[in-house]
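Here subunit A shows up in two complexes: once beside subunit B, once beside subunit C.
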Partner chain A sequence: MTASLPRPIGFWGDAWRRFRRRPLAVAAVAFIGFLAAVAILAPAIAGTKPVLCRYKGRLYAPCLAYFDRRLEPVVFAQDRFRGSYPANLAAKDPESWAIWPLVFQDPFRAVRADEWPGRPANPSRDQGRPSRTNLFGTDQYGVDVFAKMVHGTTVALLVGFVSMGLASVIGITLGALGGYFGGWADSLVSRFTEVVMCIPTLILILALVAIVEKPTIWKTMAIIGATNWTSIARLTRGEFLRLRQSEFVMAARAAGAGPLRIMLRHILPNSLAPVLVPITFGIASAILIESSLSFLGFGPPPPSASWGAVLNDARSNLSMWWLVLFPGMAIFLTVLAYNLVGEALQEVTDPRLRESRK
Partner chain B sequence: MKPFLDVRDLTVHFPIRKGVLRRVVGAVRAVDGVSFAISKGETLGLVGESGCGKTTAGRSILRLVEPTGGSVHLDGIDLRSLSGRSLRSMRRRMQIVFQDPYGSLNPRLTVRSLLEEGLVIHRMGDAAARAERMRRALDRTGMPAAALDRYPHEFSGGQRQRIAIARALVLEPEFVVLDEPISALDVSIQAQVINLLADLRRDLGLTYLFISHDLSVVEYLSDRVAVMYLGRIVETATAGQLYATPLHPYTIALFSAVPTVDPAKRRSRIVLPGDVPSPARPPAGCRFHPRCPIAEAACREVDPPEVSLDGHRVHCHVAARELDACGGDERRASARMTSLVAATQNAGREGHRQP
Partner chain C sequence: MPPGRESRTMRLLAILAAVALVGCGRRQDELAKHAPVEPVGSSGAGGKVPAAPVAERLLQPFDPPPLEELVSSATWIDRPVRDAVAVLRDQQRAQTPKAGAAEALAMRNTSAAANEVILSSLGRLPEEGQADFDARIDRHIAADINSTNPIMISSTYEFDVLGLTGFGLFSTDRSLEPFASSEAVTSWQSTANGLIDKVVLRDDLFWSDGRRITAHDIAFTFQVIMDPRVPVPAVRSGTDQLRWVHAYDDRTIVFFHKEPLATNVWNINFPVLPKHVYEKTWEDDPTLKDSDAHVKLEQSPIVGGPYEIVDRKRGQQIVLRRRKGWSHVDDKQVRGVPFFKEIRFRIIEDPNTSLLAIKAGEIDDLMLTPEQWTTQTTGDDFYERNTKVTAPEWVSFHFGWNIETPFFADRRVRRAMSYAFNHDDMLEKLCYGLYKPAAGHFPEDGWMAPKKKLEPYKQNLDKAEALLDEAGWIDRDNDGIRDKQIDGRLVPLEFSVLVSQQPLRVEICKLLQQNLEQVGVRVNVRPVESTVLQQKTLERKFEAYFGGWGAGTDPDSSENIWATGAPRNFVNYSNPEVDRLFADGRRELDRSKRAEKYARIQEILYEDQPYTWLFQRNSFYGFSKSLRGYVFSPRGPYNYSPGFGSLWKPRAE
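Then we have the complex of A and B:
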């Protein structure tokens, strides 16, 4: 640094500086980053569709079909590929080339014999123990567990972020209104929060899943989000209640600031740090809830692969230990990572634990 | 001449709620019928011990706390009748500086955002004009323009208070409530800030309501002083009058507590018995009577009316009588009041006297 004065450090800059000093928390963040990378690159890590291929003079990326079926180029359906690329590509266009995923395994179906030149079919039943071709083994139908789990990462992460994003919006809005305006608005919000708190999430979700006609992963996320905002609302309310009496809020009012400006610009940024903690813990619990649902068989139906669904398969095939170990470890590590991040956030943003900045 | 700020019978009662149904069972009478007037360019000091309602009075004048009764006029405008947009536009003309510069500056905003907020709200100029106003306000308070891009926590207490003053000044107000602006500062910094406030008043023609518990500071900065006790003003006078000829026994006791370096001026310390009563249950009659060394039967029943003499106003039965007896001679009346109060201290209370 050549500047005569150090650059001003804001609250979050300072929190990040102290966060960095915790190797475990940094490792947890790195792990979540790794999961995000796996989720985004899933079709390139495990799949049976080329990442990129040249076919009849044009370039295609059939792997995008794993994100959305409609993204699969029509030409392959017209040429009757039937989802099997390696042999068809070579047979129908000798000039063609393709870049394949790292692991040639499909998350939704068993790979057949000689689908990949010289490789046998996926073993099924209890023969599918982990091997060179099936890193994490196969399930009772011969579907590769590694591919299932790589593609299930998306679900695990999305469930956490989408459901807690929804929960944060509901919780922060309600908590802010109750805490800032007080009086009957506060009573209304508090009583409503208490009522929602009394409902056991899992039971409610099971009931709703029974009613909802087509359960999808998005509906599950919406339900988890709509029932898990209570702790966020209560913390936000407390922070708003405390901060609305503070002198800097009074100073803003003296300057002529309206309620919206005071809430968004003055109170919210100051109340966000403690609220972030239940959000991270909530992400962990949302992942657990989704896994439990899938384990119980109420999870999103295929084609959404999920870690909990693999665990569910293990229920009827207890001798297949690999169906328990790998998804179980994945869920455990992810939930642990979020909890570590939450705990670290709690400590680095706690004003009582802040040291001098010198 | 009409006063610039006219406060009449201002009351702020906070309801006390109890039980599940949150029924109102009483009220804390934080401010209970306060009246005073400040003319343009004048500074009124408001003194009293902590909990007497002086801070609440200052805040309720600016409607940062809603008054429950009385009237407040600033430049002829009834502040209590304003709402919404009209109140907001009025806020530009009246600002406040708080006691604690650590609590009054939002820690998440840079000094630029803090200063600019009011300018944006009141649509005072474009970006360039706002920057110029902010630079000028910082300059006036002795802060460098480089402070704009820093956060409050990077400054010392005195510097923060200068920033808080700059925030008030940037809106070019005419009336500023100074709510104990130096009490939270180091003694070495206090004088600087006091001088800064005096300079600003001279240069900008500001009108101050200066709230403090420090009598010596109030004497330095104020033209007139009002003494508050338990939600009421007990005595109002010019600074000179009040310090030379205090009439109310509470004022006399208050002054006896001010340390002095001049041995010749050293007076006997008057110790008031008991504590300040709860403002939720103020005593009947004169509010000061349970602690007053010279309280009489009438004091316990009748609220003393205001007695005024050359702008020296006092609420006290005994003082009123003494003034009468002395034929309106303030100096003699004050001396007699002082000796009356002091006499009670000498009788059997030898231990409380200062050497």
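Then we have the complex of A and C:
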């Protein structure tokens, strides 16, 4: 019989244990999870296309068109639905049934009178105060703000993840190469990083947006990613510089491991913790950059819902407070959540901070 | 930015580019013996023509006949010479204002009746002693000017500023009829055959450096404008229809035309440069802007108009001051004194900022967007310092379909676009019900429009789909988008529409996107900088665009939009009948017969739909309560005569 030893917790397990002790950080993670759920389920939360419907004997999910307009089933175009489902479904196939989104509102256009039986048209101009049909009110052209916000979540989260994903790949690769090999490779990477750091991101993006032939949200993300990797690269380089001298790396080298294996298998996992912190903060700043771009009118081309674009609508009429409050709060809370998570990560993974704060 | 920004630019382009090139069939009539058409390259009489390469030379040398012979060889008809302010004063004497000024200022402009009362009582010239001649006006201008050189005018912003500093002989009145200004001219005569105009200048005109303004300045400027080395953006078209301009003495200037055109009255109107200044610098630097001397002139130009530029901060403001040398000679008043001592143009691009500025009393006038008119200028914060008025204006907006693309070559597709678009939604929702629908190129209340009004297109999706089916655009590959086999390739009906980055315009394009999506046509809305939009349209590098045109002074100015291969025919429209009608309309001197030609053009365009016409935008202006005398023409409150000249501020009680 061997004594059952408690399983060692390990670095990440320990970090998670400490993380859980911070209610604000946990709340922030929960909030981000909530946003992710909203982003994925956006077409089912607010939309004018059925989540699922049976039409002429077959099942369709027209709501997917909100993710990509090519996903709209062709049969509805052929049967001249013209984008308006409730009346057409009933009229063209009495047998049909449909599951509708929770809120019948469209992020790209105003809902017309009687499009949904008995529902009046969305108010336009400055009359669209929040009401039961328009939870967050409508903008000047009668488009529902709640629907815009829900669909804007997809954009906001995507921008954060995709652009920082790209930035991480660039930053970690360059930082690892510079830190591990040192010498001229290191100076090359470091100087290049400094050059990129000197470029003001927002201005570079404004310039690129003007040049790009067909701007899309993906290109904006790529530009944000391609300019925001510098802090990641610097931290990775520092970690690699430190760890390449450590005993376990020497042991690996003595055992005959090649540089790639040492970098990926031995150093990278041990250097990830400090690198996660700038990534988290980077996501927050990417969301802010996208909102600022949309606010300035350089955001993704129409049709697209973006929180910053709703704020931009508010600029021409500040008395429509609901155009400021809801997107402003959403941006604020999301950025705050990521910053809280980043801060907590920093504290639970940095041994020095950990000692001082327990 | 107000919705008008780029359209105003385009409008002026339309106005200035009065006439496109016409075939120069030189008429051999009684003048021919004096005007031999010399072979290219021979050194003729007009010694001022610089030695430009033959291929680029725009002017043929010309030997003007002696003055006595000229005067005796033709019958001369007197043309109008007027003082615009005096004419307006006479007109207003006959009308009684509908209310006192105080009463009108207390009103809110909430109905057509209220608008009329405000216009009739505040839009009046001052009585004796009423005006404050030391007043300053802070005018809003939505973009900076490119140059202070009057022959470099190319946008309305330059027109607004340089119209006040520049010297010119002719003007347009409120009904867009031409006349010579009595402030500059003592007589204007034309020959009965319409081939010569003779103008006699006043002898009390001076440049801001004290030198006299003479007929030689005008003849000199003509040579500069026609020099191919000088990069003149707009004023050359029209001017290039002149055969020659000759100064017989300091006061007598004669314009020789190539052909007796109805548009000759516009062609003789071009800005004037001081000969004694540019004579020395022009040959060294034909760009008129690169050399040191020209840089200095750009900063402080020598001007001949009622105002001079005293301060200019790029992107911020331009300050003009009244020139005493304009109204007084040797301390004796010879001309009416302009009402403002100082005019400060404040450059504010953002419409929200400019609205805040007028509410704060920092600017005295502002063109309002529909949203601003309807919801932003109804409260005390606006009416405390300001009032607002509206009047009809001849500016219309459209989608232009590039006919050289595979999509829009077919008229049925273009008509389908017009039927698919939800015009009612646009007018009611996006334009707040303030704009009238437009059915065609010429304003329907203009003299050139058809008597029987054309019905503006209305949304009819069934008709749109039927037309697209008929034109062969059917969804063959089952992807929800219509397509067509072109050169063995299946081309989907998907195109981009270019639009300048202004909220209202982008919204209108988004509405088009939604509407066309409903009939299986995919649109990508591409908001771009207005300069990019201009560039792309000039180069014909677009599939569709959103734009606008303002009325020129004459319907013929639209030829350069519709004639085959014309410079502003962005959509590559070509119809021999339209070309012929424009040419005929120009030669026809009888107004009602001319009107028939243009009415026919309007009908043909309506059938062909090279544009989907959207709306006619009227003038919507906010004015400070201290401002009086605004009178509107089909070109707005400023771009005619007296225009800005009738504005004034009352003396403090």
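Just so we're on the same page, the second predicted complex is superposed on the first by the 348 of 358 C-alpha atoms of A that agree within 3 Å, B and C clash if a C-alpha of one lies under 4 Å from a C-alpha of the other, contacts with A are read in each partner's own complex, and residues count from 1 in each chain.
The working rule: contacts are C-beta pairs under 8 Å (C-beta built on N, C-alpha and C of every residue); 3 or more make two chains touch, one makes a residue touch a chain.
All of these numbers come straight from a predicted model, not from anything done at the bench.
> In the superposition on subunit A, see if there is space for subunit B and subunit C together, and answer fit or clash.
Subunit B/subunit C on subunit A - fit side by side.
> Applying the touch criterion given at the start, work out whether A:315 contacts subunit B, subunit C, both or neither, answering first, second, both or neither.
Only subunit C is touched by A:315; subunit B is not.
> On the A-aligned overlay, A:72 touches which partner chain: subunit B = first, subunit C = second, or both, or neither?
Touch status of A:72: second partner only.
> Just checking: does A:270 make contact with subunit B only, subunit C only, both, or neither of them? Give me first, second, both or neither.
first
> Of subunit B and subunit C, which one contacts the greater number of residues in subunit A?
Tallying touched residues of subunit A, the top partner is C.
> Looking at A:297 after the superposition, I want to know if it touches subunit B, subunit C, both of them or none. Which is it: first, second, both, neither?
Touch partner of A:297: subunit C, not subunit B.
> Is A:10 touching anything from subunit B or subunit C once the two structures are fitted on A? First, second, both or neither.
So A:10 only meets subunit B here.
> How wide is the angle at the Cα centre of subunit A, looking out to the Cα centres of subunit B and subunit C, in steps of 10 degrees?
130
> Identify the partner contact of A:131: answer first if only subunit B is touched, second if only subunit C is, both if each is, neither if none is.
A:131 sits against neither subunit B nor subunit C.
> Kindly classify A:253 by the partners it touches after superposition: subunit B alone (first), subunit C alone (second), both, or neither?
The first partner, subunit B, only.
> In the superposition described above, what is the shortest C-alpha distance between subunit B and subunit C in Å? Please give a whole number.
Taking the overlay as described at the top, subunit B lies 44 Å from subunit C at its nearest C-alpha.
> Would you mind listing the overlap between the subunit B footprint and the subunit C footprint on subunit A?
No residue of subunit A touches both subunit B and subunit C.
> Any idea which subunit A residues touch subunit C in the complex?
69-70, 72, 74, 77-78, 80, 82-83, 108-110, 124-126, 140-142, 210, 214-215, 297, 301-303, 312-313, 315-317, 319
> Quick one: in the complex, what on subunit B touches subunit A?
Within the complex, subunit B contacts subunit A at residues 59, 62, 64, 88-89, 91-92, 94-96, 98-100, 103-110, 117-118, 121-122, 146, 149-151, 153-154, 164, 167, 171.
> Once bound in the complex, which stretches of subunit A touch subunit B?
Residues 5, 8-11, 246-248, 250-258, 261, 265-266, 269-270, 357.
> Write out the stretch or stretches of subunit C touching subunit A in their complex.
351-352, 369, 371-372, 374-376, 429-430, 432, 461, 465, 475, 478-480, 496, 501, 503, 506-507, 509-510, 513-514, 517-520, 522, 524-527, 529, 532
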